[in-house]
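A short worksheet on the structure shown next.
We just call them A, B, C and D in the order they show up, numbering each chain from 1.
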Amino acid sequence: MSKKSDSTVILLLSCPDRPGLVASIANFVHERGGNIIHADQHTDLEHGIFFQRVEFHAWSETVDRNELAAAVAELAGKFGMQVRLAYSDERPRIAVLVSRESHCMYDLFARWKSGELPAEIALVISNHPDHADAAEHFGIPYHHLPVTPDTRPAQEREILRLLQAHDAELVVLARYMQILSPDFIARYPNRIINIHHSFLPAFVGSKPYHQAHERGVKIIGATAHYATAILDDGPIIAQDVIAIDHRDGVPNLVRKGRDLEKIVLARAVLAHLQHRVLVYGNRTVVFD
Amino acid sequence: MSKKSDSTVILLLSCPDRPGLVASIANFVHERGGNIIHADQHTDLEHGIFFQRVEFHAWSETVDRNELAAAVAELAGKFGMQVRLAYSDERPRIAVLVSRESHCMYDLFARWKSGELPAEIALVISNHPDHADAAEHFGIPYHHLPVTPDTRPAQEREILRLLQAHDAELVVLARYMQILSPDFIARYPNRIINIHHSFLPAFVGSKPYHQAHERGVKIIGATAHYATAILDDGPIIAQDVIAIDHRDGVPNLVRKGRDLEKIVLARAVLAHLQHRVLVYGNRTVVFD
Amino acid sequence: MSKKSDSTVILLLSCPDRPGLVASIANFVHERGGNIIHADQHTDLEHGIFFQRVEFHAWSETVDRNELAAAVAELAGKFGMQVRLAYSDERPRIAVLVSRESHCMYDLFARWKSGELPAEIALVISNHPDHADAAEHFGIPYHHLPVTPDTRPAQEREILRLLQAHDAELVVLARYMQILSPDFIARYPNRIINIHHSFLPAFVGSKPYHQAHERGVKIIGATAHYATAILDDGPIIAQDVIAIDHRDGVPNLVRKGRDLEKIVLARAVLAHLQHRVLVYGNRTVVFD
Amino acid sequence: MSKKSDSTVILLLSCPDRPGLVASIANFVHERGGNIIHADQHTDLEHGIFFQRVEFHAWSETVDRNELAAAVAELAGKFGMQVRLAYSDERPRIAVLVSRESHCMYDLFARWKSGELPAEIALVISNHPDHADAAEHFGIPYHHLPVTPDTRPAQEREILRLLQAHDAELVVLARYMQILSPDFIARYPNRIINIHHSFLPAFVGSKPYHQAHERGVKIIGATAHYATAILDDGPIIAQDVIAIDHRDGVPNLVRKGRDLEKIVLARAVLAHLQHRVLVYGNRTVVFD
């Protein structure tokens, strides 16, 4: 980490609350010549848990990343912290999983190409062959892995193999309409982001726009969440909604919902990539 | 209905769809010297139902209200219509039911006083004595009807008696936290508007803000609906939402939600009073 | 127009208000065997203008398009109407003009490819060479027409030539950052849709996100409007906004604004293509 | 400040940015036995200014308010800070100024009565006699100060006298339609909150709903800001918007806008009372 670097260091941490935490962490950064450019904290008073995101520039050359990692580990031990240490110049590798509907995939591609996502889209996996051309256009490897009830376990193993081969750290389910096994999900805890096309917890499961139409709601939504073993139940990262009315049949809900899905998924992916999301219990802290 | 009147006539109707309906209704109005100033229609293609709201000025003195009612009944018979015939100069009488939380009640009072509601607030009924002064300030009779599990049936009978005595046509549950019996509700079909403090169908029942906090949603909502025999399941008239984040504990949800509740309830009450709401099945058409 | 066709006929009309208009138009449709599936009207009481959009299925084979056009012309003459007659199975040809920023262009391409836009994207014109590959991927002709202050008139002539050669009926300025001459605009009245990255009329002209940041607003917006001779002053078709706060520097406004721009532009283009937009004076009626 | 107290201490500060600020302030609090329950900071990198809001519980009895004030003054001197030191158990006194339209006034009264505002409404001043009963109902002194062009200076002097006599710290212009003189405003810098019924900077001055209707916008807004010598130009605290369409004539804009005005004004007043607003230049930092 050189003096001239524009890159920043990010600490994302949680621990039992106690007096002096903010001062201890600020001193930790200050003693190493860091200048905090953004700090946000939250205390869950009910459960006595302290959460913080600290982002700082290093103003000296005396700190290298190995030393910092060791120092952070020591700090974490002292306070019983869970800490993630990250650098803004690292670019995590993303795997995008997609089925037939391509709007979220295209949206992620366009954002990535325009430089909006601090990440690499390492590969695309689909149970359909439809999007091979699109992936090629953007220069992203495309893997068509068809699946039937019988071949599901084998297909999942192949997905896992590809994720590892491509060194993917984040899996984005960009309207991937297959259910992943709990075993699969357990290998990527809080690293699989799904977009569900309803305002969860309303309309869990399949055909949420049909469910919404049936119930006669006046607003529809989309929810991005980390996948967990229970369907559509994981920690929510982002949600948004749009007004509808009686004129909107299911096809219109699908069309309007697509815009929500794209934006909500992108918002969640960006928050994750910027190390702004902390999970606790089944909920998230998403720092601004 | 004199020539000089600014009042308008409103037809709110539904019937099986068939060719020529719009023309027939437009001709019906035109032949009676009416000038349509607003017409909105909707066809549910799936179920083959036609819905329309027509509002017109009478340009002649040749039509009186009894004659018009008879003619409308004839038209309805011909097409198998359900029709509501209303006049903008009629002011329906409203009963407001409220428990401890007074924000929706105050909001309705202030809107009414400023002339925003084309109605009379005929009476307030509460299971608490707290709001007698407020009602008195606005010149509205206040009835304190305490209730316990034992006295519930008797209290409901007394409410019914008051509604009839005050000639109330619309019952607004402005955060009335008692459950009304199916028998009671059946006497005012699509004439009891409830405000539920969640984005239905999420978080049915009690303490929806606690449920929302527990689930970790990023948006909360409020829903105004006609009360039916099934709790929080009636046809939805209006909904709105507001973004929240991890910093918002339950007290903040309650505070932010109050603004939603006031606005969503007022919006639904106004739509009802302007004869813009048609119920079919468990859904509504709400004309603009 | 065969009996079996799913296509619909759309009349979009305006005329001086007078009694019986709705009946006359409904009868016109009914007499020709049409069944109205959607009708929406609006009367500007202040100026005495009647606006209507009527969409109908033809239920017989007795009407052909030439006959209908003649009959509509006769109706228009009788009532002093301006009428547009359109068919849902026609697919207007669109020219997309774009400069460096590609998000609106990509968004339109993806919507078009997914079948969301009832139109053909006939060509892309840009003053930069950057997007040739993207256009090729989607199979759309790409024309790079660089421009300098000196070559502006010639470049505009070449754009006009291309629009005519490709039979473009609608020009979409998808973040095209060159100002078009009044002469050019006059050739496509109410057929050039521009996206401006502010909540007009706030922040007219260049660098609206910088202006917004400078003023310290808490919400930013985007506006799609028909281009007129006066910059950023044409009839507004669609607007939307998003909340920001003090943490959002200009780069964040740009990023958040991009999502608005895409959605607002697409919404306006779709409304235009569905023949739901009527311009009068400097304002629009946009039927639902 | 006793150990058992639930009240909190709030520091709201700004100063030139430099390394170690967060640590210094956190240490300052920690050394005095305070436990930070909420801290939010912002650095304006462009101008090199650091902003922070720190809220803490005192965990010991060794600090009294005079001592703390002296210590904070010393800290401020060391870093060139501007600091506000406040306590959550203090209840500032508010003066509400209102003209004919009463919706914002009633809304503030109802919020205050329900305990939502940590303040006292000390008095109401109006150039109309209309709201005396309402003020009396809520137990608030009402001063009717009519004004004509000739009597304006005298009326303003009387307002000032009343503000001082009632010890008002915050002036809320709840749709007060008279322009206050620069001299008056200079006496309450960043302590006069105005609600303007447009999305500023669009539609400055009088009749903004008429202006909005004329321009044909598709969204209207409301803006709460600190009053400055330039009309409708002061630092913006809160804004919100609502969608409208061609059917909404000016009366509808007025009606829909009232809901915005109430909510936006209340949001700004609450942020001010919770010491979450910092002004710099003509902009605000509003901490969550």
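As a convention for this text, a contact is a pair of C-beta atoms (placed from the backbone, for glycine too) under 8 Å apart; a residue touches a chain by one contact, two chains touch by 3 or more.
Since we're looking at a predicted model, the values are computed, not measured.
**Q** So using the touch definition from the top, which pair is joined by more C-beta contacts, A-B or B-D?
**A** Top pair by contacting C-beta pairs is A-B.
**Q** So which chain is the furthest away from subunit D, centre to centre on CA atoms?
**A** C
**Q** Just how far, in Å, is the C-alpha centre of subunit D from the one of subunit B?
**A** 36
**Q** Taking each chain's centre as the mean of its CA atoms, how far is subunit A from subunit B in angstrom?
**A** 42
**Q** Where in subunit D do residues touch two or more of the other chains?
**A** Residues 38, 42, 45, 245, 247, 288 of subunit D each touch two or more of the other chains.
**Q** Across the complex, what residues on subunit C touch subunit D?
**A** Touching subunit D from subunit C are residues 42, 45-46, 51, 199-203, 215-219, 221, 235-241, 245-247, 249, 281-286.
**Q** Can you check the complex and tell me which residues of subunit A touch subunit C?
**A** Subunit A reaches subunit C through residues 38, 101-103, 106-107, 110-111, 113-114, 116, 133-134, 137, 245, 247, 255, 258-259, 263, 266, 288.
**Q** Once bound in the complex, which stretches of subunit A touch subunit D?
**A** Interface residues on subunit A, with respect to subunit D: 19-23, 26-27, 29-30, 33-43, 45, 59, 243, 288.
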